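Below, each structure is written out as structure tokens.
Here chain A shows up in two complexes: once beside chain B, once beside chain C.
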Partner chain A sequence: MMAVLTQKNPTTIFEKLNDETWRRKFVRNVVIPWIFIAPLLIVHIFVVAIPAVQGVYMSMTDWGGINPNVNFIGLENYHELLFEDQAFAKSLRNNIIWMLFFLTVPFIMALFCATQLAQIKRGGMLYRSILFIPYVLASVVTTTIWKNLLNPKQGIVAASANLLGIEGFEVAFLGRTDTALMSIAFIDNWHFWGFLMILFLAAMQAIPPVLYDAAKIDGANRWQEFRHVTLPGIRPIVLFMFMMVAIWSFLAFDYIWLITQGGPGGASEVIATQLYKNAFQRFEAGYAAAQGVVISIFAGFIILIFVTLRRRGWDI
Partner chain B sequence: MKRFKLLFAVAVLVLALAPVGAQDVTTVSLWFGEGATLDCWGPIMLEFNDVDPSVQLEIVPQADTWNATRTAVVGGGGPDIVRTPGPSFVYEMAQAGLILPLDTFSESMGWGDFFFDWALDLGLVDGQLYSLSDELETLILYYNTDVFEANGWTPPDTMDELNDLGEEVAAAGLTVFSHGNASWRPSNEWFVGEYMTQIAGPHNVYKALTGQIPWTDESMVEAMEVLNDHMQAGWYGGGIDLYFTNEGPTRRAMLADGNAAMNIEGSWAIRELNDYHTESGQGWDWVSVPSKTGDDQFTIGMGNTSSINANSPHPEAAAKFLTWYFSPETQGKMLTSCRKGPAPVEISDDVMGELDPRIAKVYSDLSDASANDRYGYTTWTFWPPKSDVYIYEEVERVWTGEITVMDYLEGLNEVFAEELAAGDIPPIPNR
Partner chain C sequence: MTAIGKVSLRDTVFQRGQSKERSKLLVFNHAVLLLLTAFAVIPLAVLTFNSLKTELEIGQNPLGPPKQIIIENFAEAWDKGDFATTMRNSVIYVVATITAELILGGLAAYALARKRPPGSDLLMLYFLVASTIPVWMYIVPLFVQMRTMKMLGTFHGLIVIYIAGNAPLTIFLLRSYMIDLPRELEDAARVDGANEFQVLTRIVLPLTKPGFLTVGLVVGLGVWNEYTLALTFVHDPNRFPVTTSFAKFVDRFDTNWALTSAGAIIILFPVMVLFLALQRQFIEGLAEGGIKT
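Our next item is the complex of A and B:
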């Protein structure tokens, strides 16, 4: 008992290192976790961190993508990108339109359908599977299907409308500057919204049923149940997906590339397609790297907004 | 234990002997895009392995071949034979020392004996030979003979005749040119290069490519105005929005089924076009794309080039393969078996005699035009990369009414001037 009372907690680093108990705790709580995480960390450093730093450096050079001789040109690429390149401004505008579309249309569709499906007790899995199938299709398959469906001469959309006597569908939606971007967004959303719905549905099913029972006892109608029970229950996943979709909107590439490659006349050009052309067709890899850095800054800005909201007490 | 020792001894012997045998055979690697082209070309290229057993060709099917090759070569790897999509792509690689100069091989292996002089010049970078051009191609005016016969039309010789005929075709309710760029957006550039050559004239294009006149020259403006007029009239694909939507099979079917009268496209299209017409039962033929002057003028293009990787451990073996591959015999066989556009080499009359006369005529007329100063330039072969991308990307903004022809040409002038000043222009044979 006396020994325990006289034992001092180590305070200096030397005392700590001499203390057996402290050393064991340190190894268990600090060293071993780092050993476990080390392989992943090393891979991450080589595969993500170093190339990212290289990318930032390359964005300040005139590198063409082939010749290893590069000249450092400072912020010239960024100056051209932000103040002179009208095509970039147009692409950025298209990215923002794309983001606004994907932050509204698929969310509304997914929330509505998930709410309906959550109430189905029999055959619900079948509906979910049917609605989820487009998400597992390869983008090249989806785009080929829709390019054919939307063909103004042979497409089923125009043919069906004709059959029903509805005019106005013999339009080359993907070939017009005023409809191309939104048509591609529609196709991408056809594949994407099912994924969002499944996430929301899973979140809804995790809401304790007693909350709905309590709401019913309080006389809540369906809308009030949704407004005061469902929505608060799934808010973290909805807000998280808001953040992810906003970031993904700046990375949009595959559907646009496969359908119009940014055309016609740049009407569906977004930053990622422009970046690809600069890097691999115009051989302006340094300039393309600057565009990549700008996309990352946008993504960082979106994350910052959500981190700030979280710090202010939002349940994200 | 005894048995184990015996097995061990045999294994050691086999391992010791194996490299001795392997040293005698050198493998030359070549990356090639997967698909129907490789299915036909591949077996013929592999016949090289019977010619010289000490050098064996290995073809590696590769998706997105050029991007994969470029990335690998820059990273210090890649195949022994480096194929690029055209001479303009060779320049940067040569400057970076990623491919080898081929002058010594050319001399020792006698490439000058079978390549046309101007064709070897296309592979020069700073006076040294770095690449061999392959797949000679040109653009021609295909037409549906049944449709022409039924309507009493004759193929046009001049641009004025083409304009008159186009109006008649449109009045008959047919599409003038079966086209669409949905499958290959850069196909826009076919028409830009062709109209420049046929209306501004190949000599003016040469002057512009060598910086003697600007792209805003009156003759270029006229050429682009005519192209824009044809686009706005809906002659291409049935309308601008349809042009942007029509896929490759649609445009082939339009001509083969008689819904369109003509099609301006490269000689590479013959094989596919012939299949579609065989199926529809309607005939096809071709004439040179009508020019303003009425002269038969042909733009010259190269589908790809071959070089030797600077990292190749055995460049001599790679050069041996190139010598065999570019020989008139091999090229002739690939032309007759696969309808491959031949490399710019002298192909014997016997080989040409085996071909469909319409196909043989393409190459004989092209050869005649190049010998008689009636050749022009395809954009993907003779324009530097940034200008080339500008040509097919920005011209859509003219067609959609966003910018004028003059805005477009001023932009081209600006981009081209930068590349000209940087010395990035592919070799332009003197004329």
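Our next item is the complex of A and C:
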């Protein structure tokens, strides 16, 4: 009697393993799926998870990166980074300027352009495709184009000014401490803003036309229509991209590295370019790792702000 | 009757007035859009023009169309920039990454969307958190790890990094495509005696082809254009992808715009051909992919 019951309803692991149908089910629903998942997961753990954890430990050492001499120094790197390193303070400031630029200029351009484009029926696809082209270009291509265009002698700004007879525009935008960072941001934005525009456009096209008809019947003008129908409709994606762009701003690297490598005189230095130099040119691996952790903390902090706002009932 | 007549008359008047207003406003729309289009296109036009001029002509006419088309710039850039090697390398990086990503990602996404083994939710959370970890958090230890494992500067080393970097995006996208499939189709195949592998290859894969195309495009474009990781992990010119090799080339021929412009065109040409052929998939794929990373 007992034996029959346990066979039908196995309870312990041994009994389960002896039960043929249970075993087959277990293999089909647990073992095989995990075999499917395992390869990608293992690659990911090997490349991201393990090094990320190691990075935290490395950031608490004075390791140079090559010699076997490693001392655990606790939070000393962080102390130096946050309270003593003037160069880091400057980089952080540049990252914040970069963030303020990217949280305004591309968003205004994309919102404005998407609003204009959403109303166009014929030819809309053509505009959409052309405006998106800069986004598919490699950073090496974009920076090459603009390094030439911003050349003080033969660039587009100098040539246009010449053509109009205006003098004094032979400015080396990328070589001056007061213009380098903003010029690189401008170049990166030339490549980036079309992407935001496409996202906003897609969200606008998903707004039911009935809402616009209703607004019109209520006598809304263009601005009111935008303010009370369009903006609420695209709000989730705009706010989400606010978060993403804020995070990306702390990761900025390739445009700056390709154009100025942080120069002139540190004018366009950001945390990531500084980290790169510390890690691979000055051989201060521990210090660089600490900078990487700090970047991640900033990213985590931005996510935390958004999650908190959402918890508080903001519709994000 | 008359009342209805009045209303409809007022309606037509109102609509006529409105449509006039509409067309007037659309002029403004087109003006704005043309201006922005010019902003996007002029730099590319100048690049193309300069790739077809002599150095001398660029000096005299840096922005306008070429008076005489010089096609030799491309041959010279191709040689001096070692594009034969680096284009081949980039193709290897792109093809290997896409292939591995789609196979491994397809398997994992299928298991997560259809089988949901215990631990699935935890795994999705893992990939969600992992997708927000900046590369700067782990680039230094990863470099050390790659060096210890003798994978630094190898093809497979960089490819493995690309596969891992794109894993969260691939899983999210493919899983969302697979979750939408009706389950009955798979059950029917199982009733007909198909095993799990056949269900995946005969039923699920053909129906989620658009998802795979999207992921392939997004991942492929990302790898083709990638600069930072290639700069960090590959130092042997024989294994450079086009991006890092071209960056060095631009530094070397800083003042030779004809040559650097031609090189830039060589890099963007394959991307533009694919983009023009698959605009919709490209735009929608990158929009979806961009949000999910």
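Some notes on this structure:
The rule is simple: the second predicted complex is superposed on the first by the 267 of 316 C-alpha atoms of A that agree within 3 Å, B and C clash if a C-alpha of one lies under 4 Å from a C-alpha of the other, contacts with A are read in each partner's own complex, and residues count from 1 in each chain.
Methods note: a residue touches a chain if its C-beta (ideal position, glycine included) is under 8 Å from a C-beta of that chain, and two chains touch if they have at least 3 such contacts.
Here the structure is a predicted model, which is why all the values come from computation and not from measurement.
Overlay on chain A: chain B and chain C clash in the combined arrangement. When the two structures are aligned on the shared chain, A:F280 is found in touch with chain B and with chain C. Of the two partner chains, neither chain B nor chain C is touched by A:A89.
Within the superposed three-chain model, A:L174 lies in touch with chain B and out of touch with chain C [touch as defined at top]. Once the two complexes are overlaid on the shared chain, A:V48 sits against chain C while remaining clear of chain B. Counting the residues of chain A that each partner touches, chain B and chain C differ, and the larger count belongs to C.
Taking the listed stretches 8-16, 44-52, 62-70 or 260-268 of chain B in turn, the superposition on chain A shows a clash with chain C for 62-70 alone. Looking at chain A, you'll find residues 65, 147, 151, 154, 280 touch chain B in one structure and chain C in the other. For chain B in complex with chain A, the touching residues are 67, 70, 74, 92-93, 95-96, 98, 181-182, 185, 239-245, 247, 250, 385-386, 389, 393, 396-397, 399-400, 402. For chain A in complex with chain C, the residues that touch the partner chain are 28-30, 32-34, 36-37, 39-41, 43-44, 46-52, 54-55, 58, 65, 109, 112-113, 116-117, 119-120, 125, 127-141, 144-149, 151, 154-156, 159, 190, 194-195, 198-199, 202, 216, 222, 237, 240, 244, 247, 250-251, 253-254, 257-258, 271-272, 275-276, 279-280, 285, 288-289, 291-293, 295-296, 299-300, 303. The touching residues of chain A, when paired with chain B in their complex, are 64-69, 147, 151-154, 171-172, 174-177, 260-267, 277, 280-284. Every residue of chain C that touches chain A in the complex is listed here, in rising order: 18, 25-26, 28-30, 32-33, 36-37, 39-44, 46-47, 50, 58-59, 62-63, 104-105, 107-108, 110-112, 115-119, 123, 127, 130, 132-145, 160-161, 163-165, 167-168, 170-171, 196, 221, 224-225, 227-228, 231-232, 242-244, 246-247, 250, 257, 260-261, 263-264, 267-268, 271-272, 275, 279, 282-283, 286-287, 290-291.
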